[in-house]
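One structure follows; several queries about it will come next.
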Amino acid sequence: MTPEGNVVIPGASSYNGLGLVPQMGWDNWNSFGCNVNESLLLQTAKAMADYGLRDLGYNYVVLDDCWSQGRNSSGYLVENPIKFPNGMKHVADQIHALGMKFGMYSSAGILTCGRYPGSLGYEQKDADVFASWGVDYLKYDNCFNMGQSGTPKISFDRYNVMSQALNKTGRPIWYSMCNWGDDNPFDWAYSIANSYRMSGDIYDSFNRPDSRCPCDEAIGCQWPGFHCSVMNILNKMAAIQARTMSGGFADMDMLEVGNGGQDDNEYVTHFSLWALMSSPLLIGTNVLTLTPANLAIYSNPAVIALNQDPSAGGGIRKWRYSVEDKDEFGQGEISLWTRQMQNGDTVIALINGGNSTRTMNATAKDIFLDQATAGTFMPAAELKETWDVYDLWANRLSTTEAAALINGTAPTITSASNSTTRYNATAMSFEKGLQNNATALFGTRVGTLAPSGTWTAQIPRHSTGLYRLRKAGSGLRKRDEL
Amino acid sequence: MTPEGNVVIPGASSYNGLGLVPQMGWDNWNSFGCNVNESLLLQTAKAMADYGLRDLGYNYVVLDDCWSQGRNSSGYLVENPIKFPNGMKHVADQIHALGMKFGMYSSAGILTCGRYPGSLGYEQKDADVFASWGVDYLKYDNCFNMGQSGTPKISFDRYNVMSQALNKTGRPIWYSMCNWGDDNPFDWAYSIANSYRMSGDIYDSFNRPDSRCPCDEAIGCQWPGFHCSVMNILNKMAAIQARTMSGGFADMDMLEVGNGGQDDNEYVTHFSLWALMSSPLLIGTNVLTLTPANLAIYSNPAVIALNQDPSAGGGIRKWRYSVEDKDEFGQGEISLWTRQMQNGDTVIALINGGNSTRTMNATAKDIFLDQATAGTFMPAAELKETWDVYDLWANRLSTTEAAALINGTAPTITSASNSTTRYNATAMSFEKGLQNNATALFGTRVGTLAPSGTWTAQIPRHSTGLYRLRKAGSGLRKRDEL
Amino acid sequence: MTPEGNVVIPGASSYNGLGLVPQMGWDNWNSFGCNVNESLLLQTAKAMADYGLRDLGYNYVVLDDCWSQGRNSSGYLVENPIKFPNGMKHVADQIHALGMKFGMYSSAGILTCGRYPGSLGYEQKDADVFASWGVDYLKYDNCFNMGQSGTPKISFDRYNVMSQALNKTGRPIWYSMCNWGDDNPFDWAYSIANSYRMSGDIYDSFNRPDSRCPCDEAIGCQWPGFHCSVMNILNKMAAIQARTMSGGFADMDMLEVGNGGQDDNEYVTHFSLWALMSSPLLIGTNVLTLTPANLAIYSNPAVIALNQDPSAGGGIRKWRYSVEDKDEFGQGEISLWTRQMQNGDTVIALINGGNSTRTMNATAKDIFLDQATAGTFMPAAELKETWDVYDLWANRLSTTEAAALINGTAPTITSASNSTTRYNATAMSFEKGLQNNATALFGTRVGTLAPSGTWTAQIPRHSTGLYRLRKAGSGLRKRDEL
Amino acid sequence: MTPEGNVVIPGASSYNGLGLVPQMGWDNWNSFGCNVNESLLLQTAKAMADYGLRDLGYNYVVLDDCWSQGRNSSGYLVENPIKFPNGMKHVADQIHALGMKFGMYSSAGILTCGRYPGSLGYEQKDADVFASWGVDYLKYDNCFNMGQSGTPKISFDRYNVMSQALNKTGRPIWYSMCNWGDDNPFDWAYSIANSYRMSGDIYDSFNRPDSRCPCDEAIGCQWPGFHCSVMNILNKMAAIQARTMSGGFADMDMLEVGNGGQDDNEYVTHFSLWALMSSPLLIGTNVLTLTPANLAIYSNPAVIALNQDPSAGGGIRKWRYSVEDKDEFGQGEISLWTRQMQNGDTVIALINGGNSTRTMNATAKDIFLDQATAGTFMPAAELKETWDVYDLWANRLSTTEAAALINGTAPTITSASNSTTRYNATAMSFEKGLQNNATALFGTRVGTLAPSGTWTAQIPRHSTGLYRLRKAGSGLRKRDEL
């Protein structure tokens, strides 16, 4: 049925050629809402380049809602002249000049969520104007949709109009569908969009349940809502992970790292799992005020490499259990997530959502369950292997290094660098770096998983152990050999 | 995604220009059912003016079902000549002469719920006849709808026909959709209606579950039913509160205050929360037999001011817990609701649905949760403030004062009055009064919430503590300074 | 919202003039399935007349599936000539000659459930042939419907075609919709059909859960199935009872009384509640082998009178509790059902679904709950009344009397009879008999409910106490006065 | 309502004449995925003939996804020339030459699940090319369906296009619908397809819950997913078993027997219940590496005879209980399934899903429940009978016998053989063999069920007791009489 890992896909593909791996970048909404203007975008873009974020792959600068002044007499959208005194094309040009790409926003309704004019009924005109401005990306929301929902077909038809309109412009424009998971888009959106939101809006909380985010599953959710926590969204992915794929990725919403509502361990979990699940990685904070610690999270190349892996798939939740040490919101769960990478490595994430540090175990049987039950009529070879275990957070930038990046005093990284902490994807793509076993993409070896053995680790409260398993002797130099 | 509080909306708006704040008035259904006639309407209207209700904003007089004699040979609806011997235009004229507005009723089906002719297929004819009579408001029901439901699109299309027809008359007519929440109208109705029912019919019970009201959530409810209690309807709002908005309000159904099925504390809770949630405030009892105590509930300007606040939004349920002291129906819950007002104040409602008085706490962390998790990349300023706490029920009319209103012996209130208990919104709108810190709209100061502190109060069984938090020193005179 | 009891309806009505009260009669399916033929129908009809069943109102003789031989070259349905050697018109004529009416069966699909030709696409042809045969009633099933379901609109449109076709014949034909409750027909079927099944098929079990009847509620049930027990179907009615109404009744499926799968108390419960809920009363057993005990159940005029009451409404489940004394299927529940009758009486049913006899209580507060919470702004008058309590099963035919009916030795009953056990509705309609306080329709007075008091009774395992409450001194003679 | 057992069906039927009993054969997907080519198919077909599988009825050789090279300039599908160097017609011819039939695969979408061209929009062209190649069977998947789902009607319409296209070719082609159970195909698929998947994909696990298979019921499942266990799929059948029928069978997905993820008892359970439920029996492992033990499971004629019984129906789950001895996945349940066969026998399956051997009981009351509650107004005759009990696994091939089949050293079986372990359905159909009481189809008599008695057996962990009950003295020779 589903495009599983064991299907030999005839080459990664996409309906419009874009999106073979998830998008990365920045979107102003989470931190700035409607307070948008030219200088915010351009200063942020410049900072992203300066801090090394652009060269880590964060290259889309996305302007969200509230940029519009309405439509002109010909029906074309016009930018707000106070917020964008030099016009939107100027913004695009400046961002392009930095080697980055420019994204904009509209809604598949008569109004945007902020009550500016929406694109329903104006799809081609709006696509044309975006293309004329040099826009590379469209986030397309779901507010004021005039009741055009209720079955996959009704929603598909509405979103497909803009998909066709964008294609017709001739300009390659990443189509980022934002219908919040209404009408099960994981069953159809990848045929017409490069990414699709699968949940209500995230908020800056690790796991607090909120009455405004009523669904625990993405499936059949009739009211996605908003104020969805990191763990709420992550667990919604478990059932539908097979439907994030090359060309059309399930979008778990923007990253909250740096916004202040979670502690460092929680942000590490948030970032790790968004990367592992092949969610878009869109920075959702104020880059200009980023702390070294938070920059270090956003800048971990070994984690980003999971996200940009050519396998372009989602992690699998192998188990999830309730635990007794509940936190202040009455929550407490642990889980194991795994994902097989393009090069044969396997990544495991042990999440401790309990309220205290615990010893956690990942057995080879669980890690390689799919191989053992895949109908291969042979015992799974993976269970006979010894695996080297690499900790993907071991080489996180130190506060000093990150501060140097912010201060502009850090050294440049090139494709020839063998830094263990930094990476330049502009110089060498992640795909290439992974093929070349680029040091920065593989963390630090911290132990071994014996054949049919068990990996054991101490995981702090609300944190994640993120490990990359490589066949022993697979050619990667150990850190102490560097 | 949603039109949240922190979005800067480009001016309050409405699809037809009406309904920037919720409607207030009276509807005969709950108390009189089909026993309608001219004198009931006109006597009630006069009493509403005499008792000060009109000047508190209750200005729509709504005639519900059973007024019709059928259609004439041209297909136009005709009023029952025995119930309305002077014709319906006369009724409208008399009501207008009192400075009030006139509402009528029909159904988006072939029959009304009382089996009188419905408007399905006759939308424009019926809208025209309503306009010709001088009607200002249409309640539009859902009975006998010929199966035209099942997706938002099907219901939207059916209700949109009347919306367009009303607009076409050229007369401003408030469109009050009453489809009971079928097909999730909170996702679409605000684009075509000024208010929309989001639940099955209310009945005069605080919290008794009834088999005829089977849903606990509004979301995806396939059978809204009727005999829904106050607490049932209130809790249905928690998930969808973001979709009550300027121009199109979620309608929690008419007020039962005064009908005898609940005690005073329960009615206070009912009225407080309907106001806080920006539900329409439609008196659903016999005004002519109103007791002083019940008039005092309907007449609290500090509570009505929440409802008529220009922010035009719904309260948020921050938490809800089950408690052990169950009542006779096996129910027992407590909850905290909050809402941010246009002027920067925050209102909190502590509901005790348990069976005995209890101490309840609202922490600043819960009250200002949204500010702390909004992605603002800065600590929430609200947590550093000291807040003066005003009890919004402290200045409720005494029985003596209310009796004087009923007896016609109470003094007149003007815009210059600094009464703490009464208000004249005809003389000065609530919007203006709020800007001017009009005394009657702000209750009595009863204490202080320290920075990051906790507000504690004793709340009786089935009652609510309703408080308005103002930044300390924000200019409002204390009561003893008056 | 709903056509509640307190709405003054402008005269009972029906879309096609039929069905102001529920149909009564016999249908061969439950006992005979496909083993149908002329003599079965005619012998049964004659026995129904002989046993007094016809004169109790059981006047529809309904031939179910498997009567067809296919379509002729003109596309008209042809009866099986072996089963019906004299043609179907002859059957109708003979039944009419007995003063009874003739019903037939088809399906809104390409095949009937027994895989005979269905009417989908042949609606007018089939309606015409039924009318030409003198058919008075059509049971219209749901098998092989070519996927035409999924929303109320899709199902409505399919069933409406036959409704229109029947109307077009000019012959009054009762339209009995049998779509098992798919797509919530309780929300629309009464506009196009005289009765509509609201559940999967009944089977001859009081309360055994069966995996083939997966839904506990009628609402949103996507797979009604079959093998639904008496209690399963009854409880499905609780939420939707307001939508059984004059002109279009919710059909709880045929009666199993006499089929051997339940004991006498269970059959009494089954019959009592089907009557109280205004379900069609269709005998579903072999009349020719009926025992006196089972005939006595079918023949209780005081219970039938509830069913044929002009109020034409359904009972209300006021409460339902789980009890500890579970039966062999792990089931155990008790409940109170009430219904207000046209003449101001109130009927109560106390159901003991537990495994042993128990004392059960019905308080006036529960019985008259609706009156106390109806928004009448006055205390409920009913709580101040003293009520005489009549046991509606007290006058059940004795075995001797019932045997005499079967043997043809019982005396004739006329409109002048003041029998307490038998009634002739051919001579005097139930409506008339109720107005006249006909003795047989009111059971035996067994006690009094004091103002705001409690009615207490011993109810055996799997049985029901069925009582009619009359205002004390309301003119009905007590039994000992007769 | 439903085509139950007690309906006298006017001859087994099918919309296209195919599929009076379920298909049997082999499909490469579970074991080989996309690794397909001519020699795999032809070698497998030859082995199936050699091992006796073909003559047991496994005669469809089905090529699954990934065979295509795309479309030619005329829009016709072209086979991959490397995998199929002699063209697809050659494959079909070779398979036909072995007396077997050839099946292929496509999807009702724009792409197949493996991202090869799908048939949506190309239905007639693709049906024509399949017919021209001599294809006898089409598995038609659901990937990339462009949102054409959400109601039975939408899915029906999409799948019906191919149904009509196949019929139009004039070639009899078995239409195997694979929409995973979306939109409740058990309510409509049998009108347009010979079999229809009713669940997400199976995986080689007895009962481990997997987050990617989120539904426990087939009814209304909005996300069938994959990685569904044997017990998950089986239990989904309980509610819908009435809708597997002659002409259109519910497909529980391919058999995992032999793939290594389950133990022998589990595979016996899997095979027994797939047979009992009239699921297609499609071998889903590598035939060329089949062990004797697994061949012996696939080759049990007494079990296959259940599947190929002319009654063409599904088993009924009479009860299901949770048990305390949970296994490593926290699962533990027991259940009784029964089915009435064409010749009057009844089959019972006692499943022990607990973690240890247990004594299990099947009472006559449970076994013959349907007869006792069928409305027959007579006690069930079956409860008065004495039944001989035959163990259908008693005559399973020994390892030695199975090895001989694999080695090609086993004797030939003809229609005259009275082997107890082997059967040749090519020589004598199962229908004929059942009529003739062919020895191999009836297992070994192991005891007796007394009138209204109880059958008791020891059932090991994760295993099934499968028994055929025959009226005592019904003419079958006992094994010791042979």
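Read from first to last, the chains carry the letters A, B, C and D; within each, the first residue is number 1.
Definition applied: a residue touches a chain if its C-beta (ideal position, glycine included) is under 8 Å from a C-beta of that chain, and two chains touch if they have at least 3 such contacts.
Because the structure is predicted, anything quoted here is derived from the model rather than measured.
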Through how few touching steps can subunit A be joined to subunit D?
-> 1
For subunit B placed onto subunit C, the superposition rotation in degrees, Cα atoms, nearest 5 | 90
Where subunit A and subunit B touch, do the two copies share over half of their residue numbers, giving same, or under half, giving different?
-> different
Taking each chain's centre as the mean of its CA atoms, the one lying farthest from the centre of subunit B is chain D
Distance from the mean Cα position of subunit D to that of subunit C, given in whole angstrom | 42
Round to the nearest whole Å and give the separation of the Cα centres of subunit A and subunit C.
-> 59
Two or more other chains are touched by the subunit B residues 150-151, 154
Contacting chain pairs, sorted by label, are A-B, A-D, B-C, C-D
Parts of subunit B lying in touch with subunit C, wherever the complex brings them together = 29-31, 33-35, 65-66, 109-111, 113-116, 141-151, 154, 178, 180, 200-201, 203-205, 211-212, 214, 222-227, 256, 258-261, 284-286, 289
What residues on subunit A touch subunit D, complex-wise?
-> 1-4, 6-10, 13, 150-157, 160, 183-184, 186-188, 191, 217, 219-220, 238-242, 316-317, 320, 370, 372-379
